[in-house]
Amino acid sequence: MQPSSPRPSNHIKEEVTLAVANLWVSYQARRGTVKAVRDVSFDLRLGETMAFIGESGCGKTTLGLGLIRLLPKTARIERGSVTYTRNGIATSVLEMDSEALRAFRWKECAMIFQGAQNAFNPVLRIRDQVWDTARAHGETNRERVRARVLELFRLVSLDPDRVMNSYPHELSGGMRQRVLLALGLLLDPQLIILDEPTTALDILTQRSVIEVLRSLRNQLDFSLMMISHDLSLAAELADRVGTMYAGCLVEVADVYDTYYHPYHPYTIGLIRAVPTLTGERRDLISIPGTPPDLIDPPTGCAFHPRCPYASDRCREEQPELETVGTRHQVACWNWQAVLADRGARLIMVAGQE
Amino acid sequence: MAAFWHNLKTTLRLLSHNKVGFVGFLFVIFFILLSFVGPYVVPLDRTTKLDQIYAPISLQHPLGTDFSGRDVLSHVVHGGRDVLTVAFLAGAISTVIAVVMGSVSALIGGKVDSGIMGLADVILTIPQFPLLIVLAGLLRFNNVLILAFILGILSWPSLSRAIRAQVLSLRERDFVEAARALDLGTGHIILREIMPNMASYLAVSLIFAMTAAVYAQVGLVFLGLVPLSGSNWGVMLQLAWTKGAIFYPKALPYILAPVMAIALFQLSLVFATRSLEEMFNPRLRTGV
Amino acid sequence: MASTITEARALAPAGVSIGSLLRKAARNYVLRRLAVAFIKVLIVVTLTFFLIRLMPTNPVEVYINELITQYGMSADEARNQAAALLAIDLDAPLSQQYFQYMVGLVQGNLGTSFRSKGTPVGAMIAQFLPWTLFSVGISLLISFALGMLLGMWSAYRRESVGDHVITTFSSIFSSIPNYLVGIMLVVLLGVQWKLLPITQMRGSMSPGMTPGFTLEFIKDIFFHAALPISTYVLTTIGSWTLAMKSSTIATLGEDYVTVAKARGLSEGRIITGYVGRNASLPLFTSLAISIGFIVGGSTLIEFIFVYQGVGQLLLNSITSRDYPVMQGIFLIITFTVILANLLAEFLYSRLDPRVRVAGGK
């Protein structure tokens, strides 16, 4: 599951496609306000793939929905800014009116949802839903759309003619997922958000979706934001990984660093919680305790009740993301202690051998 | 005794959780008291008083008087018993038939199943009210029991289908499997294991069967097809119609009385189902 | 569907057995539905025939006795006249009478009226049925369409004042028997407030009116049908509204609606093609039941408004004990309901592609 080596990153441009700054999203629930996304900031560059990992309920999906402002009625974006840039023209997503937002969705930013099982209108053929999408964004030439879709369907290894004339229920789950993926590429968006793209798929279909994503990323020019609790998927596809905990981004690092030099105790816990297939023996420990209550989150660092390194400072003061290495940010008061500890353990392991 | 009061209090608390449903429930109880206790309190006015035809609302006649000067309120009080009795009997008969047919169909299966469901399908196909009219033309429904029985016989199919589906799904559950493993017999399984799980559904269906029975019986009486004598909301309605009372502007209270009695009774039954549904189905306990 | 038929046709000459052809036909959605409807009609006809013959008060015997006692006919004369009117040999065994009756039915012969001597029942029905179909059909269209709109509006504006008003109105009017609403319309609009000329509105059209595609005629028939239609609409619109509201709320939570928004579809397209179309599907299944109920209840409404429809005719035939008319109308109403069911089912299968494929269930 580990990235074999730092991936060559020459496909990543310097231009920032999406800049998110201090974003807060909360839900109105019966018991009180659920602070689902708390002060999240990150930059996504053109051509870059960034994975967001974390336990379920940590705010990953809310973050994704918030970026295209498709949150449920009970949710509200409290603060922050989301800036989208294409060809040097920057627009603020949060200030768009409904028509601009409608045009932005899918044409600029396509979100592929988790569990695409019910992503399609059951009473319309795929070709009509494709045409609906194209027409909504000003396309008038049916033939041009058709040609483009056939090409995309081949790209995701689907039989174009058969799929086009099918109703959603006539396709398998994996096929539907790939149709949605192809549909996501239809308008050449510059940003694609993938929410749990492989859950609810069987292992073989997962494999083929991953292969498709990998080859697409190399062939086409877009930024990819991937939301997943599946660390192996992130390891295979991402350039950078953001770890989320209790609505906060607690660590952002290149994929290689995330897996081999994580600084945040939570990231370490997440990685250790995954068994490896390579035969390397590691302590398979899961993180003790339960995910925090987002209505009344713990004071200070939200992770402190479950953290082995927790100190008094952690209980009182919330750490901010700070840059600790090349393109490596972490929000932890004790990251140096974590680092020292890991060094000691590495020496210990080496000593045993 | 204490346990009884405690249970009663819990039941009332659950019932009052849904406001609309609780009001419906209170009205149902009001109509039961009105129709079964009321006649002992308010005597039926049978004397013709020609000088008091269509008298306006007054203290003496809170609902005015009818075409021969009789007190309308007394007729409303005495006119509910038959309507409520037929409604309840028809509902109960159809529920019993539906339970038997539905569970037999589900548990025996095969030819019996397709036979019963086929029969249900045919009965559902035949438009009920015209059939009742034809039957009323052939038979004389001069007894409320016959009427209740016929209404019950015609209205079991849709409930029996639902019961069949429920039994089929409940049959697979653990507690029924366990009962079967203990060889407790089909009757026991149905009555003790399956039916309690469907209590809310049955109660709601019983009430809906009652509203259908009220609709049909009053309709038949109104058309003059059921030669019922005595006081009955349906008969009041029919007399108001045939005596031409509807064309007298002064007769409004007289016409409104049976109309409102029937409409309110129907409404309270329908609204009461909301409380019942919530009481038996905790997931619905939202208080809305 | 179509491919199955052509396939079957193409294969037949090549020597495929009738059995396999039948099996193919049984798998065909349309054919299977048609067969079920046909069997239902057959059962209802048979039941009606035997039910009436086996009644303790056999209406045929009653009529014969009436002819003897009231018109002084001899027993044979009376019996012959009854047989002629019914187009059945009354001396033949019951099974043969049944056969004759069925042959007559297939030829469209429903017998002859006892009361309006010499008038075939078929002709009487042909005169009255169109009015019922017209008034009921128009009402159904109005209340179905309006109910869907109101239900969707309520679902989109949940918990608003408008929603509460619509929902309360709907639950009250769907619980009150339709004839009570009809009576109140007559009493309030016609008598108390004198807003409508109730007596002129009776009948299905004004005397001396010639049917045709003239504006005058169309205005006239709507004038006469206005009250029955209002009653049907008032009492059925509530259940459509409530059903559509809950169905819309469920549909709004579906993934494909969220995805459609993410795809940037216009609000109009999402409301019609995605939410509306899917939310209305369950309503089409209850359309069939509703048709039966309204046609069945038309007797009461037509009685109240003195509307010359088939329900009124049925009532007249019962009070005058005109048994062939009664039987004929009952059968025609049942046919109409079965036919309407069939149409509703086909409509549904056109609207929901999943039914066509999984039609076996």
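Order as written gives the chain letters A, B and C; numbering starts at 1 within each chain.
Following the convention adopted for this analysis, a contact is a pair of C-beta atoms (placed from the backbone, for glycine too) under 8 Å apart; a residue touches a chain by one contact, two chains touch by 3 or more.
Here the structure is a predicted model, which means the values were calculated and not measured.
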item: Taking each chain's C-alpha mean as its centre, the one farthest from subunit B; value: A
item: Pair sharing more residue contacts (C-beta pairs) when A-C is set against B-C; value: B-C
item: Distance between the centres, which are taken as Cα means, of subunit C and subunit A, whole angstrom; value: 56
item: Between subunit B and subunit C, centroid-to-centroid distance (C-alpha), Å; value: 25
item: Subunit A residues within the subunit C interface of the complex; value: 68, 70, 102-107, 110-111, 113, 115-124, 132-133, 136-137, 167, 169-170, 180, 183
item: Of subunit C, residues touching subunit B in the complex; value: 40, 43-44, 47, 52, 55-57, 59, 171-172, 175-177, 179-180, 183-184, 186-187, 191-192, 292-293, 295-297, 299-300, 303, 311, 314-315, 318-319, 321, 326-327, 329-330, 333-334, 337-338, 341
item: In the complex, subunit B residues that touch subunit C; value: 121-122, 125-131, 133-134, 136-139, 211, 214-215, 218-219, 222-225, 237, 241, 246-249, 252, 255-256, 259, 262-263, 266-267, 269-271
item: Subunit A-facing residues of subunit C, complex; value: 254-256, 258-267, 269, 273-274, 277-278, 281, 351-354, 357
